[in-house]
Each structure stands twice: as C-alpha cells, then as structure tokens.
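Shared between the two complexes below is subunit A, which pairs with subunit B and subunit C, respectively.
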Partner chain A sequence: MQRIDRLGALLSLVAACALALAPLVVLKANRIVPGQPQALLDVLPAWTVLLLYGVLATAATVALRVQAPRVRLVVALTGMITLALAVATAANDLTPEGNRVLRVAPGAGFWIVMIALGLLATDALTRLKPGPLLRVVILVVVLAALLAALGSGFFDDLSIMREYAVNATRFAREARQHLMLALGSLAAAVMVALPLGVFCHRQPRLKAAVLGTLNFVQTIPSIALFGILMAPLAALAAAWPALASIGVSGIGTAPAAIALFLYSLLPIVGNTVVGLARVSPATVDAAHGMGLTDWQTLRQVELPLALPTILTGIRIVLVQNIGLVTIAALIGGGGFGTFVFQGIGQTAIDLVLLGAIPVVVLAFSASVVLDAIADLTRRVPR
Partner chain B sequence: MARFFQALVLAILLLANTTTPASQPVVVSSKLSSESAMIGQMIRLLLEAHGIPTVDRMAIGATPIVRKALLSGEIDLYVEYTGNAGFFFNRPDDPAWKDLQRGYDLGARLDLEANRIVWLAPAAASNSWALAVRRDVAKQNRLATMSDFARWVREGGEVILACSAEFANAGTLKSLEKTYAFHLEPRQKIVLAGGETAATIGAAAARTNGINTAMVYGTDGGIVAADLVLLEDDKHDQPVYAPVPIVREAVLKARPEIAGIVRPLMESFTRESLQALNARVQIDGESSEAVAGDYLRATGFIRPAAGR
Partner chain C sequence: MITIERICKRYDLTTVVDDVSMLIEPRTITVIVGTSGSGKSTLLRMINRLVEPTSGRVLIDGKDTRKEPAHLLRRRIGYAIQGLGLFPHRTVADNIATVPRLLGWDDARVRARVNELLEVFQLDPAAYAAKFPHELSGGQQQRVGVARALAAGPNVLLMDEPFGALDPIIRSKAQDDLLDIQRRFGTTVIVVTHDMDEAFRLGDRVAVMSQGRLLQHDRPEALITKPADPFVSQLIGSGDKSLKLLSLTTAGEIAEPGSADGPAVTSSTSLRDVLAELVWRGASAATVVGPDGVAIGHIKLASILAHGRQAS
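So, the complex of A and B:
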C-alpha cells in the first residue's frame, strides 16, 4: 500500500480547515471597518466555484498520495493561480463600477490556503534539487509572472491593489529608499567587517573583545538603537553645520543607516572568523611552504576557502536589514515601513499589507539569490 | 587610504556648500496622521502654485520626530497643533491652551523666543479630544453638548464608552467628569488596546459590547462615516488643538510671502470641512495629495489648470 505523505497530510488538513472555517473573500463597506465574509457561491457562477474546489481537491489528493516532485509542483502552482484568479474575479464582480469606497479583500481562508499551496510548491522544488543558477532563474520567472499579473489590471479591484493605486508614486519612492538603506548599510558593513574579521582571526586576544562588543550591540532592540542615535547625531549636526549639510542629522536616513550598519557587523565578522578558522592549518602551512607571503596566503588561499561561510553571513545580514528597515519609518527614514505605520494609525489593514508584503518578497528573494551565490562559490573553489 | 577619505570628505563638503539658501526649495513635512499630511500637501501645492519650489517630505514620523527635524533645520515647515505647545514648553496646565486665540498667542511667543520658529495663521477648528455618541442614541436622549451628556449620565443613561487607556486614566476623562459633574462607573468604560480613534469609532458603530460612545478627535474623519454625533465641549474644558503651520524664521525671512499665502487657506477650514476631508483619506482611502489638490481647486485657491 502507498504511504501517505506526512507534509501533504498536514497541509491538506490545514487548508481544509481554513476553507471550512474562514472566508476566501471579505467585503468591507469602507477600508477601516471589519469585513463581512462572502460565500463564493453567492458571488461567482457555480461552475467557477466547482472548478476551484476541484483544483484544490486534486492538489490535496496529489499532496497526500503522489511522490513525484514535478507533479506536486505543477498541482501546487495550478492551485495558487486558480485561487488567485477566483478571488480577483469575485472582487471584480462585487465592486460596482466606479465605486471607490467599497473594499473587497482576500479573507483569512485565502491566505492560509495560499500559504499551504506555497509550502507544497517550495517542498516540491526542494525535492527537485535545482542547481544554484536554476534557482535564481526560477525566482526571476516567478517574480516576473507576479509583476505581469499585477500589472495586467485584473487584480486592481482587490483591496491591497486599491491602496497601491492611491500610493503608486510614493510606493516607488519608498521602495528605492528601502533598498538603498538595506543595501547601502550592507555595503558599508562588508567594507568594515571583513577586515575586522581577518584581524580578529589573526589576533585571538582581540577576537573576544570585538565579538563581545558586537554581541552587545546586537542585543539592543532596534527601535531603542534608532532612538539612542538621534541625540548624538543631532548634536553633531548642530556642532558642525557642514555635517548637517551632507545629510547628517538626528532623524531620517543617517540614524537608520548607522543602526543598520551596526547590526550588520556581528554576522559578517562572526562568519569571517569562523570561515577562516575552518581553513585547515595544513593548507596554510603548505601555502607558506610554497613561498606565499601572509597577504598572498590570505588572498589566494584562506579567503576563497572561507568565502561560502562569509557569504552566508552576508545573506543573514541582508535579510535582517530588509526587515529592520521597516522600523526606520518611525524616525523619518522612509521605506516600506511608512505604509505599515500609517496603516496602523488609520487601522487600514490593507495599507499595512501594502508595506509588509513587499518586505517579505524582498527578503525572500535576497535570501534565494545570496544562497545561490554561496553555493556557486562552494562548487568552484578557485 | 586615509588621504583618499580626506579628499572624499572635502569633496562632499565643497559640493554641499555650493547651493545657496535663496534658491533652496521649502521642505514641507508632516506627522504620520492623515490630517497633518493632507493639510501639509495643501500648503505645499499652494506654495508651488505661487511659484515657490518645495520638497515633499510628508509623514516622516510622530510628533517628537517631526519637531526635532524642524528644530535641526532638516525640514522647514509642518502643521502642528496649538495645544501641543503646552507639552513642548512643559506647562500643560496653563489655562491659555483652552482658548484658541490665547493658546495660539502663547505658543507662538514661546516658540519664537526659544527656537526662532514662527507660527502662521491657525485654523478655526480644534482637533482636541472629545466624545461622540451614536446618532440614534443622541436623538433619543437629545444630546448635542457635553452638558447634555452629563445630564443623561446623571439620570442613569446606559453609557458604554470605548476609549484608550491614556484617555481613561490620564487627565482627559477625569477633567471632563469634573467640569461637567458626571461620573462613569468602571463597567461603563471599555479600554481598547492601542487606543486609536479608528478602533473606538468602529466599536461604537458596530455596537460591540453595547458600546454607544466613543473617544474621538474633533476633526476625526470617522465620525460622519460611522454616523456618530460629536458632543460640543460647551464649557471649554479641553485644550484647543487647532492645526497651525509652523515655519523656521530663517526660511520665512527668505520668503516672507509664505505667511500671506497660507493664511486664507487655514482660515477656510471649519471642523465640518476638515471632518469631511479627513473622511476622504481615512475612510475612502484617497491619497492625501489628491484630496488636497481637489480642495484647493474646488475652493478656487488654485486654478484648475494649475493643478497636477
């Protein structure tokens, strides 16, 4: 007898409960009131609903019984696309022409089933063990498809897209600011942390002191660190107007970038130290024996061997920074957090999601890309 | 390496110093709240329409952040509320804050003396704390003012109030109870975590747990949409929080015409017009910039052709 797939059983059970208990579509009289659940059968033609449930049932069956990862992947993706189309169609049908107040939002049921299908797809992908380059290609294709779908206008009646339509210009600006803060602080941190890591490796006595200090920095809650930086930076800017004129001030980009930079140091320094320590002493001895200087040994032997570990540290930092930038909105740093905090202030959950979802997508993408790069360096040691 | 950095810093400093103050655009900013962003956008668009270049830095943070940004010169102008000056200058109990004109005069004087910040013309509408009741309840019990409300409570009216912990425990509610001589039992006060007015208004609109009274701001956009009636503070118990644009003196000296441009705009606001405008942002989800532009065109402050 065929064995039942455990992950498939769990996901099917969760999705089934979600479908039974939580609505797929919620109708709100305006954007800040709680919504009323809508039965899909009241909104969509019966055959569409049947088709959707058919696809979902097939996905559940496959998740339970079929082991072939390709089949599982195809079924999961089909399920996600069908569900998204069904909810978008419902939104189009529920929204009267020209009505700008009524909101149709995906309900809890939608999100849970979507996540279950997403996990099924991710699991299938992992079982297929694609190479690093293929993983990046898949990511690009998925993102492109997502952007094309959202750009097509078919989803425009969904509540989050309505928030986007209102905030489109600001969205682009905040996205740029978000990326700039996350990547800029990362770049600065790499320039400082890499030499610092090498230094710590060479001077074990310093290692404890440096790592201890960085550990301490890491434990300061982010909002507190932003707050701590405000006063000294404002004082600096007041004392030297020249500094103020290049953008150093108590609020905005400067304290956000500095806080992110500080948080970035520990993972990179730590991983550099660990990566270098893992290079076997025999290898280093051999390099010296061949007449390489210390600097040559570091550059041509130790660093290349430690690179995958260092890249893992950089990946941690990038994902962490993309998330942390959200808080920067509280001190005028901008980024997607602006939408999150404005949304909380207006109790407009769709505006919160407009800020939160891109952050999740960005962090996920950054993680996949850097993982792939780390894998590539592991495979082709120079 | 060190020399390289020296050169870099020098280059940046030289670059930064080449911009002259006179040609610099006015940096208009606001707090996170939708009302301050909306009025901020109106001022910005109006300045642009008068040929003054601006930079849009709306919604950069909560009050302490925006205030700090103004004091440090990072922004040039934003919309403050008159009563807040009581907290800035650590004299919240001064009776002047309860009167629009006296509060404005006092705040304007203190801010100019201490920080060289000029208060422009205020709006004649207060965004202070207030209570709002469901329209059906108000009609049934003939409630229009806080005095009516107090009479209703004393007669044993079934009041259930939704408010924030701050409102219930800090001075606001106690002060109202004292001035109007009424008392709410603990079971009549439901404290909502977070304490946003959108939540309290929502609870009253949905009659959650029998809630029929909500803590609100005077110009809250949700009041009309949720069909609540704002109770008039007829004994002027609460400090007045009238929106007032404040600007750095140095900027105003460079462009003195700003004061005259902003005055008629601020004077055009009433509590009802701000409520309706806020509702378009908070409830309908329009962007504050679009609502601001619409208002300026509809009221003739800028000609339709000059809009976006």
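So, the complex of A and C:
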C-alpha cells in the first residue's frame, strides 16, 4: 500500500473541517454588521458547486496519495483559482445591480481552505527546488496574475474590493509610505550596522557590549519604543524649530523611522559578526601573507565570504520592518496599518483585511527576493 | 641571502622565539623542524612580518625588512600555508592572479603567467582555470596554493606545513614537485614542518627548534652524524638513523668506476633504495646508469654498509 502523505493528511483534514463548519460566503447588510452565512447551493447553480467540490476533493486525494510535486502544485493552484472564482461569482450573483451598501465577504471557510491550498502549493514548489532566479520569476508571475485578476473587475463585488474602491487613492499613498518607512530605515540601518559589525569583529572586547545593548533594544516592545521616542522627539522639535521644519516631531514618521532603525541594527550587526567569524582563519592569514592590506582583505576576502550571511540578516530586518511599520500607524507613521487600525475602530473587518493582506504579500515577496539574492551570492557550498 | 639576526618574540611573559640567528643561502631549501610550540611557525612568520619581532632583525639580500611597509614586503615573498587558505569565492585563475594583480600587472601578462603556472603544476588551464577551489582534490588544491605563492616570481618562498593535510602518496608527489619547482625557478624556500622525514627529504639545510631556541642548523647528514643536542638525536630517532643517512646520498655520488653484474640503478637513486634493491635481488653489487641508461660505474654492497655506519 502506498504511504499516506502526512502534510497532505493534515491539510485535507483542516480544509474538510473548515468546509463542514465554516461558511465560504457571508452576506452582510452593510460593512459593519455581522454577516449571515450563505450556502453556496442557494446562490450558485448546482453544477458549479459540484465542480468546485470535485476540484477540492481531487486536490485532497492528490495531497494524500500522490508524491509527484508537479501534480500537487497543479491541483493546489487549480483549487485556489476555482475557489476564488466561485466565491466571486457568488458575490456577483448576490449583489443587486447598483447596490453599494450590501456586502458579500469571503467567510472563514474560504480563508482556511485557501491557506491549506496555499501551503500545499508552497510545499510542492519547495520540493521542486527551483533555482534562485526561477523563484523570483515565479513570484513575479504569481503577483502579476493576482494584479491582473483583481484589475479585471470580476472580483469587484467582494467586500474587500469594495473597501479598496472607496480608499483607492489613499491605498496608493499608504503603500508608498509603508515601503518608504520599511526600506528607508533598512538602508540607514545597513549603513550603520555594517561598519559596526566589522568593528565588533575586529574588537572582540566591544562585541559583547554592542550586541548586549542592541539585544536590549530588541526586547523593548514596539509600541513601548514608539511611546518612549515621542517625548524626547517632541521636546527636540520644540527646542529647535529647524528640526521641526524637516519633519521631526513626537508623532508621525520621525519616531517610526527611528524605532524601525533601532530594531534593524541587531540582526544586521549580529549576522555581520557571525559571517565574518565564519571566514576561515587560514584564508585571512593567506590574504595578509600575500600582501593584501587590512582594507583589501576586508573588501576582497572577508566581506564577499560573509555576504550571504549578512544578506540573511538584511532579509530578517526587511520582513520584520514590513510587519512593524503596520504598528507605526498607531503614532501617525502612516502605512497599511492605517487601514488596520481604522478598520478595528469601525469594526469594519474588510478594512482591516485591506491593510493586513498587502502587508503579508509584501513581507512574503521581500523574503523570496532577498533569499534568492543571498543564494546567488553563495558561490561556495556551506 | 636571508640573514636572521638575534631575533626574539615575546608575548607578555612567554618567550616564543629566543635569540635565533640564521644564515639562509640563496637558491636552497631550508627546513625548520620542531615539535608544536617550538616557535618554528613564529620564526617563519617573522620573515614576512606577519609577526613583528620583539627584538632582532631580518635582512633579505642585506636589506632590513622593516625598511618598507609590511604589505609591500609580503608581495615580494611567496607564502603558502597548511589548509592552503585558497580564496573559496574565487576561481583557480583568480586565486593565482592575486599577487600579480596587487602589483598592478596588466591583464594579458596576468593571464599568461596564470596559464604558465597551471602548466607547470600539471593542471590543464582549459579545464581548471575557471574551477572553484572546492571542486578540486586535496592534491590539486595544494598545487594551486603553491602556484599562487609563486605567481609573481618571488625570490623567497615561505611554506608553513604545506603538505600537512595530504595523504602519504599525494604528499610524496607534492614533495617531489616542490624539489622540481625549486630547481626550475631557483627560489629560496623555507619550509616549516614537524615531520623529520619530510625535513630530510626536502632540506639542503635543516634547522631544529625546541622551546623557542635554535638547537642546530646544518646539513641533514650532520644532524645524524654530529647531533649538537640530545634533543636532536631524539627527534631524529635512533632506530633507522643509518637508513636516513643512506637516503640522503645518491648512487651517483659514491659510484666507483667500472661495471658490475647486478641490477641497474639510476644515478639519482638514493643509497637506501639501492640497498633495498640489492637485498631483494640477493646481489652484492649494482651497476649505476645515467639518465640516458648508459653505465657510469658500480656500487658495492659493502660500501653502502660502510656509508650507513657513519651514523653510529
């Protein structure tokens, strides 16, 4: 008898429970009231529902019994597309022409089955072991397909897209702000942390002090750090109007950028130190012995060999920053967090999702891209 | 000519190298041998100033090594170490090109030199120039390490346990290669090792170190026949002294005129190997032939035995 795939069993079980217990589609009278679960059979033609369940059952069977990663990838993707189309069709059918108040939202069942299928697809992709460049290409294709699908208008009757339609201009602005805060604080941190890491490597006595301090910073909860920075920055801005004129104030971008910068230091400094320490002493000795100066040894030998490890640190920071910027919205830092906190305030869950989903997609994309870059720089097997 | 004058290295209270003076003749191989912690590596590293002496000085061709910046001095001195220290992120060709590039050679000259060295070290440039060190065998990596050290044609080559990581067969081949290369380029080579057999095989001169002091610096035969210190004889070992001594002399050196019935040996064969051949064949004399196969004399078993008795 063929072995049953363990991950496939778990995912199938979770998805089956979700389908049995949670709705795929929820109908709400307006954007803030709790919704009524809708049975798909009441909304869609019977053959469509049968087709959907057939596709999902096939996916479950393949997940359980078929090992070939390509087949698993194809059924997972087919499942995700079919489910998305089914829910969107239901939304289109449920929404009366011209009604802007009624909301049709994907239910908990939809999200859980989607996540299960997504994990199945990711696992299949991992088993295919694509090279770094191919991974980036796959990411770009998937993102492009997603954007094209959302841009086609077919999904416009879903509640999240309704929220997007209302907030479209703000969405672009907050997206820019989110990226600027995450990337800007990262760039500043790299410029400080890289030299600091090299310094710690050369001066082992200072290493403990520097890493200890940064470790302590890392343990301060983000909301607390935002709060701690508010008072001194406000005082600074009040004392020197010049600072205030370039944007320094107790709330807003300045404390957010500073906090993100501080959180970014430890992973980069730490990974720089580890990466440099991993370079074989014989290699460094040979470099000096052949007449490379200290600076040449650092630039031509030590840094290139430590680069994959340093890039891993940068990846950690970027993913962490993309998440943390969300919280920065609390102190007026802007970014996708604005939607999340507004949504919480209005008990409008669709608005929360409008902020949260792009953050997840951004963090995931950043991780894939930087992972690929780190792999490309790793000319030497570990 | 390398002159080491009363050189010392102290770290706080420990003296690692204690008042060592040495004269190293150009175009010779000098082997510094000693147990671990004897200060032999430190002595070597003070020649290219990877370690700065506490006192004393090193002169190369009469010029004090402290007269120029350390990194410029090192570019004129070849350096190869155990574990090689090849740059894992650079190709074989780029590794070998390290010092020529530091010296600002133009690309065509660098490429020509890299190809020349790869040929000398029996590595086909077409197959190996673009490979990375981890794609090579241990023996190939070792050859690249030495090729890199010789890339800019240095007069002096320093080697710290260069064959330490090799298995016995490849090691023996690497030692032969080094002797060939040294003869071909006329480089002054200084090798550090803990292996007395290696010292005898390679060294025109052998320097024995213990606890930071230089006990004896002499021709290898002299270490056996006239050890300056009990530690020297202990290091050489008492069991096969005579065989070691025989291994230092070639058949050509003690051949007598006229031929003999018996196996033919080439003039470059060591007396130790001639003896083994005679014992194996049950013969009492061997004919010595030149590289061209023409007989140039003969060797009697008795004269080999007499030669080996100098050891006692």
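The criterion applied here is as follows: the second predicted complex is superposed on the first by the 379 of 382 C-alpha atoms of A that agree within 3 Å, B and C clash if a C-alpha of one lies under 4 Å from a C-alpha of the other, contacts with A are read in each partner's own complex, and residues count from 1 in each chain.
The criterion applied here is as follows: contacts are C-beta pairs under 8 Å (C-beta built on N, C-alpha and C of every residue); 3 or more make two chains touch, one makes a residue touch a chain.
Just so you know, these numbers come straight off a predicted model, no measurement behind them.
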item	value
First, second, both or neither for A:Q67, with subunit B first and subunit C second	neither
Touched partner set for A:S249, first subunit B, second subunit C, both or neither	first
Touched partner set for A:R162, first subunit B, second subunit C, both or neither	first
More subunit A residues in contact [subunit B versus subunit C]	B
Which superposed partner A:R100 touches (first subunit B, second subunit C, both, neither)	first
Partner chain(s) touched by A:I331 [first = subunit B, second = subunit C, both, neither]	first
Subunit B versus subunit C as contact partner of A:Q346, first or second or both or neither	first
On subunit A, the residue positions that both subunit B and subunit C contact, one per complex	none
Subunit A-facing residues of subunit B, complex	12-13, 16-17, 32-34, 57, 59-62, 65-66, 68-69, 72-74, 196, 198-199, 202, 205-206, 222, 225, 281-287, 290
Complex interface listing, subunit C residues touching subunit A	48, 50, 71-76, 79-89, 98-99, 102, 132, 134, 148-149, 158
In the complex with subunit B, residue positions of subunit A that touch it	30-34, 100-101, 103, 162-163, 166-167, 170, 230, 234, 237-238, 242, 244-246, 249-252, 329-332, 334, 338, 341-342, 344-348, 350-351
Subunit A residues within the subunit C interface of the complex	280, 282-293, 296, 301, 304-305, 379-381
